[in-house]
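Chain nomenclature is as follows: A, B, C, D, E, F, G, H, I, J, K and L, assigned in order of appearance, with residue numbering initiated at 1 for each chain independently.
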Amino acid sequence: MYGTERIYKKVEIIGVSSRSIEAAIETALVKARGSLDKLSWFEVQDIRGHIGDDGKVAEYQVVLKVAFQLKEG
Amino acid sequence: MYGTERIYKKVEIIGVSSRSIEAAIETALVKARGSLDKLSWFEVQDIRGHIGDDGKVAEYQVVLKVAFQLKEG
Amino acid sequence: MYGTERIYKKVEIIGVSSRSIEAAIETALVKARGSLDKLSWFEVQDIRGHIGDDGKVAEYQVVLKVAFQLKEG
Amino acid sequence: MYGTERIYKKVEIIGVSSRSIEAAIETALVKARGSLDKLSWFEVQDIRGHIGDDGKVAEYQVVLKVAFQLKEG
Amino acid sequence: MYGTERIYKKVEIIGVSSRSIEAAIETALVKARGSLDKLSWFEVQDIRGHIGDDGKVAEYQVVLKVAFQLKEG
Amino acid sequence: MYGTERIYKKVEIIGVSSRSIEAAIETALVKARGSLDKLSWFEVQDIRGHIGDDGKVAEYQVVLKVAFQLKEG
Amino acid sequence: MYGTERIYKKVEIIGVSSRSIEAAIETALVKARGSLDKLSWFEVQDIRGHIGDDGKVAEYQVVLKVAFQLKEG
Amino acid sequence: MYGTERIYKKVEIIGVSSRSIEAAIETALVKARGSLDKLSWFEVQDIRGHIGDDGKVAEYQVVLKVAFQLKEG
Amino acid sequence: MYGTERIYKKVEIIGVSSRSIEAAIETALVKARGSLDKLSWFEVQDIRGHIGDDGKVAEYQVVLKVAFQLKEG
Amino acid sequence: MYGTERIYKKVEIIGVSSRSIEAAIETALVKARGSLDKLSWFEVQDIRGHIGDDGKVAEYQVVLKVAFQLKEG
Amino acid sequence: MYGTERIYKKVEIIGVSSRSIEAAIETALVKARGSLDKLSWFEVQDIRGHIGDDGKVAEYQVVLKVAFQLKEG
Amino acid sequence: MYGTERIYKKVEIIGVSSRSIEAAIETALVKARGSLDKLSWFEVQDIRGHIGDDGKVAEYQVVLKVAFQLKEG
């Protein structure tokens, strides 16, 4: 497909999971699938998290850019 | 709600007002409310402005990222 | 129009063309016209490309932010 | 005092206020005064905020670096 | 005027005021008017300030880029 | 609590663990609990590591900013 | 000339052209020649543009730093 | 060894794995061992990934800088 | 090929041409082909240039990162 | 010690000296020794300075991050 | 003087010297004194240099921002 | 030579010396001379250092990019 004129869009989403950074990324992708076209790739922008009353990580919050190809306008 | 799997989306908008930086932020939020889900937080990306013929600030232009929670996909 | 309260939105798109950087920008704008309101300006974020088997540029991929004015919410 | 050997420390604090960006900065400085030596200058790092149920700014959160001179070690 | 060949220059100035961030921006623009051509727009680069002996903001220092159109060379 | 005047402090710490990035973050939080007030959130700044004589990751070093609310000054 | 004490100055200018990125750079250099000393090199800072009513690029705006050697003070 | 004159080199590599971010880092280090001298440390530059047809992470792509000591020239 | 463990290397090169930005990129790729494995993609890092005695662009200098897949170590 | 779980803290300090950049760094370290645990390494963040009435450097101001190992919490 | 409305300008200059980084900074300040008002402070932006045929540093090139107070417009 | 098609490569090296920042740069260049072609220029990326048991700088570590011209491929 390289060389053909086409266009992608990137949107910024934040996935949240209490388990791991990878789980937060998967959460973002699974939930984004419903409202976006077929996703192509992602780029991690930031990794953050909330700390619980026990002083441990309560959840990971991963800020992603997700890209997908746009159909012709 | 911390610890549950969920997803947020961030969009980039620019609010404009002739009065102040805070007014430009409020303009962006008020007008965005109609086309976006319930907004959660904002992050200022850039503060710019146009200068009038009298050499004073004609308007403040504040570039924001605005975040809101997405419903399940 | 300067001085009136209004709001713009910026979206991030990637235009692809085998011809030149300018052609990749035009591709992005032409195809974006169908799904977005009247576009106002663009900002180049990144210039990348794919290299073909012959070691030459197979295509230019230009990451843009494109801005357009939002109607009242 | 320029030219004499001395040392400053910078700490990162976040001031919060529902009124304005300037009020959030003042909040940070007033409350920091109790636990830090005499403050010398500040640098704004980030301006963020929470959005209330009414879609307006509920509070401004301003991330600052605050600097003060250290006494001899 | 869009589409005609022309050139702008940007200079970096710092406005200072004890009142507010907006007042520091206006100070910079008013005083710059004397030595620069008709100003077109500004971009805020940094917001800093000095802290007085009372622990409050003594002045806001706002670093701006200011742009204006150059006449033909 | 949104809307009340308050202040947070951010400190920069580095957690180290031979197991995973998440384990390095947890190490940092567990050990920081003794000398800091109740922690609120963290932001990952950098992910680095040492490579052992066998060419594998000997340890992950994760640079974090950790935030906690300050009591009144 | 390497090794001799000397000094350069950099100024920030924006060249505009409807034809191409290279034409916008040349526009900036041609018009700057009149008011600046002999130019030595340039660095592209940003590539932006205005979009016309037809949805195509109306003009390229290229932000440059241009450097030239200063005569002795 | 601190204090002796010596020199390190950093190279930029990308490790890919379908399992986790840590696995992508280990992949990069294992495969780099054959062509580079004894590795000393790594720094994560970017975390990206490809998304499969099922909308899940098909692979993690981790961009690393890897450093190793150079022998005398 | 997505999903298989593999490794890429990125190197930083500068292509120079008097004709255009695209020509400078092609120069870099053509000359790099002799000493590097099959190239996969490039990323533009910086666009600079030298200005001739006539005040026009004497040459474009484009700083690229070029990536290629490494064979097993 | 590589591979054991441990934690470091980084603080930001500014050393000032009229003699040289290296002297400003040493000033910061000597004076910091009294109030901080045993220091491990430093990273230069910014190099600035004040200019005297004679137009020469009155003092160098070097902004450093200084790191030291924290004892168990 | 803190608290009074005033304005500074920053210009970007490059000082060159074969001796040291500090000498390159002093060169820039000495030569700038002739064409600029009384200088107030400087900020180092970049440190670069040329390498001679003998493989040693032929000269240091230090990019500075230099600030000075502007008289009323 | 300006205007002719040619290509440079940049590599990232770290020079270490206990004496000064300049000495660390010279160390990097002297030792790099053996394994690289004739060097052309360098750019300082980071200045760091190790702190000895006496609380003083044990060594300066200067991260450089070093550039040299590549022969035809």
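Just so we're on the same page, a residue touches a chain if its C-beta (ideal position, glycine included) is under 8 Å from a C-beta of that chain, and two chains touch if they have at least 3 such contacts.
All values derive from a computational prediction rather than experimental measurement.
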* chain H reached from chain B - shortest hop count over touching chains -> 2
* Could you pull out the chain whose C-alpha mean position is farthest off from that of chain H? => E
* Counting C-beta pairs in contact, does B-C beat B-D or the other way around? -> B-C
* Asked: Where in B-C, F-J or J-L does the K-L interface recur, with over half of the contact pairs identical by residue number?
  -> J-L
* Determine, using the mean of C-alpha atoms as each chain's centre, which chain is farthest from chain B. => L
* Structure fact -> For copies chain C and chain H, the superposing rotation on Cα atoms, rounded to the nearest 5 degrees, equals 180
* **Centroid spacing, where centroids are CA-atom means, of chain A and chain J in whole angstrom** => 38
* To do: Mind checking the centre-to-centre distance between chain E and chain G? Centres are C-alpha means, answer in whole Å.
  => 21
* Structure fact -> Cα centre of chain A to Cα centre of chain I, whole Å, reads 30
* Could you list which residues of chain F touch at least two other chains? => 11, 21, 30, 33, 50
* Can you name every chain pair that touches? -> A-B, A-C, A-F, A-H, B-C, B-D, B-E, C-G, C-I, D-E, D-F, D-J, E-G, E-K, F-H, F-J, G-I, G-K, H-I, H-L, I-L, J-K, J-L, K-L
* Asked: Any idea which chain A residues touch chain H in the complex?
  -> 21-22, 25-26, 29-30, 33, 38-44, 66
* To do: Give every residue of chain E touching chain K within the complex, in rising order.
  => 11-18, 23, 27-28, 30-35, 50, 52, 58-59, 63
* Structure fact -> Counting only contacts in the complex, chain G reaches chain K at residues 2-11, 65, 67, 70, 72-73
* Complex contact set, residues of chain F against chain H -> 20-21, 46-51, 53, 55-57, 60
